[in-house]
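What follows is a group of structures, each given as structure tokens.
Consider the two complexes below, in which chain A is the common component and chain B and chain C are the respective partners.
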Partner chain A sequence: MKITRRSALALAGSAVGAAAATRAAAQDGKEVTLTILSHKVHEIVARGLAPGTTGGDIAGEWAKRNNVKLVWITADIDPMHDRLLRELTLRSTAIDLAFVINKYATPRMSRLLEPLAPWNQKEPIEDFKGIPPNLIASTTYNNSLFAIPFRHATTGLHYNQAIFKERGLSAPPGTPDEVIDYARKLTFTRADGTKVNGLTVPAGAGPFAVLSMLNMFGAELMDQKLNVKVNSPEMIKALRTVHELYKEGVLPSNYATLSIDEVITSVQTGQAAMVFDPFARYTIYNDPKKSKYAGQIKVIPIPADPASGRKIVAMTEIWSMVIPKNSTHKELAWSLIRDLSSPANTIRAALNGNGPIRPAAYNDPRLKEKLPYTQQEQIAISQATTIPSSYDASGQVNMIFMEESQAAVLGLKTPEEAVASMQKRIVPLVKR
Partner chain B sequence: MMKKPGSAAVALLAPVHLLLLAAIALPSLYVFWMSLNESTYGADPVFVGWRNYEVVLTDPYFWRAALNTFVVTNVVVYLEVAMGLGLALLFTSGLPFRKLMFAAVLMPYAVSEVVGVLAWKILMDPNYGVIGRTLADLGWGMNWSASPVQGLVLVSIISIWQHLPFTFLLLYAGLLSIPRAVYEAANIDGAGPVRTFCHVTLPLLVPTLLIVVIFRLIFAIRMFSEVWLLTKGGPARLTEVLSVYLYEGAFRNGEFGTAAATGWLMVVSSILVASFYLWQMQKRIASGNA
Partner chain C sequence: MPKALRQLLRAFAVLVVFCWSAGPILFVVSSSFKRQLDIFAYPPKVVFQPTFDHYVALWHQWDAFLPTLWNSVIASVGATVLAVGVSFLGGYVYSRYSGKLLAISAVYMIAIRLLPPIVVTLPLFPVVDYLGLSDTLTVLILLYASFWVSMCTMIIKTFIDEIPTELDEAAFVDGATHLQTITRVILPLSLQGMMAAAIFVFVYSWNEYLFALIFTTQNAKTAPLVISEVMDAIYGTDWGVLFAGVTIQLVPVVALVVLGQRLLVAGLTAGAVKG
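Now for the complex of A and B:
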């Protein structure tokens, strides 16, 4: 689309007009509807909907203060981003605020989002510097800030203490070799015929959890400068090990299609002894209403290969808040972003189960008391890396990784063939 | 010879044709235009001529998806027609608890497609699924998430389960429309059940069978939810069918041009498949055997 000066002025004029109309409507006592597109988890942590959490209804309080009716449209990760991208390409959208995950936050998407630096200059987020600069950098392209980080989902190693005890293990694994060794020891069949898998991972849900597991062996898809590193001895070793675990029945036989919900069920019912999954899953794994092992599922950072010189490895996904360029209630949306990003509300959302993007939040005594796993999470987040997505073909690269890694794990290809193919197919997409 | 419709008839039919034009023809033309352009989210389309078709037709993943679609479509449609015919014959020959059985046969059609597939997925889970686990305990375990062949077998089973009521209903109606007098004549001539079926029922049922096959072939070529919800085209994209290939291209990769080209290739293949059966029907109508 060609942007002429006239069309730019018209757009700016209509945006200002819409913002003024919104503010006027809110001030007149007329309720305004603000529509949010997100994953269900964001509504849960922003409104304190999870049972037993203590952070309260942050978004609801803001809505009441501003005489706004909040409408949450929630969906799973892929469908909600699909919807958002479609909304962003319309002449105007009813979506006022959306949450995007870093793997979808590509330059292509950023061009369809409202630049937020001018808003932050006009009405700054409280203690903006408290948000780590590397997170802000990941939501900035061409010097334009297009999203404000809200949540991190950092992977840890969850383990079932009761099954550990049953199999004669007294402490969690401290090295990758121990993880593999323990996973084998924890694989068995109960007297009633129930199979327990020593290790599981939501491999059907996308590349993140699988890469977190492979990362334990030092394997990575690409570095932060977008150098594709997939054809490496570490990746070959990692895929070969995971293939062996699959062949031995340590990993579930339906590894390739395992969804997050299926993994949660298998951990809650004691059909899986260890799982690579975000720290925040601790609450649901230990939910007394749903879990047979409430209070016995513990979580630690993923141990690193001692030869690497590191103690732990961690990968994280960042969810950020964005305002569509073609939305109408930008002022209110920015107001809600500011509110949810404040230091106090970051802690409250963390108490509701959110991964806080402000490191200072971890020092809060309430968090230490109510959610003890966050202390382990704090250690992990300090070392965590993301899968870079600052190129438009991020989705295709994820698909290629899923395809080739599944082929290697299931034995349809050798690890060497799979990584060579990945490298060959991914490099041109990243450079495009 | 058919009478030419008058201007009043044309005027009365015009709204329907205009509606069809607006709802089907115009979007189809728009998709065709899009298939000649490079198009993605937030960017203006760039005309590239037939390049998208070239890209799709030289993509090995397209051909694998096409082969999977071909195999699954044929297995599903012909097995389903055979089963639907068997059931319809059973019902017309007199069945105890007919109303109850009728409700049981139609039930899958009342279940939402998504719910149906997810229920099958849970039932067939090798670890905790009632059917999957039982089969595994009996030594006939299906690892449909790891084996592409088994994955496609399960996809076919689910598709047949979901669409059997449709096939059954049409064939049952077709059987009921055959005049009883024809059967009485066959009986007087001394024809047994097999001869009656081969020489009376089947020939008279051919028009209905053709309609059933046309509809089901077109529906099955578009099959999406069974594959998407069960395997997402995996493992390693080996169970992908054409509609999943199209969806991934359009809504995961944002490549609307190639996805539109895939869509049009699917339309063309549907027309080619359907035209054979339509030609058969036309031939029968012309010869007065319809």
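Now for the complex of A and C:
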């Protein structure tokens, strides 16, 4: 469509008109509907829907104060982002606020989102500086802030204390070599025929968990300045080690297609002794209704190679709140973003099971008491890095990494061949 | 080969086929009544104390499931009626008339059926939005019916082909109009084929995910979307609740096929031209 001055003015005029109408409707006491597109998890933590949580209905209270009806449209991660991208390309969308995971937050998407810095200047988020600058940087392209971080999922190493005891191990591993050594010792077949894998990882669900594992050996996909680093001795060593574990049966035979569901079930049923997975899974691993080993699955930060000078490594995924440029209730959407981002509500959402993006939240005594894993998570998040996504081909690069790394693990390629191919295919996409 | 051995082998083959086809369904249905901890127990628990906890949890935690199930009913029935109705008329024309244009259109209908549905969604999304049909059951009914009209037309055509043209001629001789011939002679005798076509459309519409995902948000959301949400990528799947939802989702389809079987096997045209 050709954008003329007239059409731009008409669009701007209609946006201003819509905003004025929204405010007028709210002031007139008429209930306005605000539509939110998110994963179910965001509704659960913002409304306190999970049984046993104590943070309360944060979004509901805001809606009541502002005479707004909240409509949550929820879907799984990939479908909801697909839907959001389609909505963003329309003339106007019914979606007023959406939650976006960092791997999808590319510059291309950011151009379709409302710049939030002017809103934050006009009506600032309380203690905005309390949100770590690296998180703000991950939602800022070309000096334009397009999203406000809301939730993080940071990987740790979960281990089954009961299986450790069964195999004569008394403490969790402290180095990557110990992780590998323990994984071998923890691989066995029970008398009833159940196979126990010493280590597992949801390798079929994307590069996040796999990179967390490889990161332990100092391997990385690229640094934060987008320098591709797959063709490194660390990556070759890491892939070779994982290949050996796969060959020995330490990793499950369906490694390449392992979904998050399968991994969770294998940990809950005691068919996996250790897993690289976000800290927040602690709750479901220890849910007495679902887990045979409730109370016995512990989590620690992932140990780093001592030679690297670091004690731990961690990778994190960030969910952020965005306002579509073509939405009609921007003012109300910003008001809800401000409310959900406040220091007090960050703690309340954390009590509802959210990964708090404000480090100060971890000092809250209620959090320490209710969710013991958060103390370990606090250590991990302080060192955590994200998979950079500040280039448009981010999704494609993730797919290439999955394809090549799995080929190396399954033995279809040597690690050297796989990393050389990765480097060759990824560099042009990142530099484009 | 001795008769006894032959019978034994036949029984074994039937058992294998039964386990192969019914095993996963039985696993899902029985698991919906098991405690969460027993679902993946090893060795599997065949005898267990049934529980309705998962059905209660589905009701409480996924309160959108029942309304969306109703949406599924409307979309599936609407699409089935529309597709079969249109296909019947199309099938009649293809069966009773011939010509170059008809032959070309028949090939065209089959050819477009080969397009993967995802291809259509890209250009269709802004159009549906422009027409104000986004998040309505109307768009689902139209899409589901459109995708099956070609196949249903061919299915019904083959059934109408079996109806002797002498019956049409007899009706015309008796003074019936074209419309009367179609509705009073051809339609009753084509019911078998229409039912077969209806089952195809209904089962497809009932389980359809892609179009529902793309073209609905809340008002017209269907049950498969809610079931897909239960298969959660963050908290992990609540298997018991998922199996409860799938069991409920299975019931209408199984009922339809069981009921429809009678019509499918009945030889409606038997003896039609006798005497």
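Observations, loosely collected:
FYI, the second predicted complex is superposed on the first by the 423 of 432 C-alpha atoms of A that agree within 3 Å, B and C clash if a C-alpha of one lies under 4 Å from a C-alpha of the other, contacts with A are read in each partner's own complex, and residues count from 1 in each chain.
In this section, a contact is a pair of C-beta atoms (placed from the backbone, for glycine too) under 8 Å apart; a residue touches a chain by one contact, two chains touch by 3 or more.
As the structure is a prediction and not an experimental result, all values here were calculated from the model.
By the touch criterion stated above, A:His39 is placed in contact with chain C alone, chain B being left untouched. Of the two partner chains placed around the shared chain by superposition, chain B is the only one that A:Ser253 touches, whereas chain C remains out of contact. In the superposition on chain A, no contact is made by A:Ile163 with either chain B or chain C.
Of the two partner chains, both chain B and chain C are touched by A:Gly193. Once the two complexes are overlaid on the shared chain, A:Val313 sits clear of chain B and of chain C alike.
In the superposed model, A:Ala94 makes contact with chain C only, not with chain B.
When the two complexes are laid over each other on chain A, chain A has residues 82, 86, 89, 193, 265, 269 in contact with both chain B and chain C. Of all residues in chain B, those touching chain A in their complex are 40-44, 125-128, 137, 143, 145-146, 230-232, 234-238, 248, 251-254. Partner chain B is touched in their complex by these residues of chain A: 1, 78, 82, 85-86, 88-89, 108-109, 111-112, 193, 195, 204, 252-258, 262, 265-266, 269, 271, 392-393, 395-396, 399, 402-404, 406-407, 410, 412-413. Contact residues of chain C toward chain A in the complex are 36-37, 40-43, 125-126, 129, 135, 213-214, 217-218, 225, 228-229, 231-239.
Those residues of chain A that touch chain C in the complex are listed here as 35, 39-41, 71, 73-77, 79, 82-83, 86, 89-90, 94, 153, 192-194, 205, 260-261, 264-265, 269, 281, 284, 289-292.
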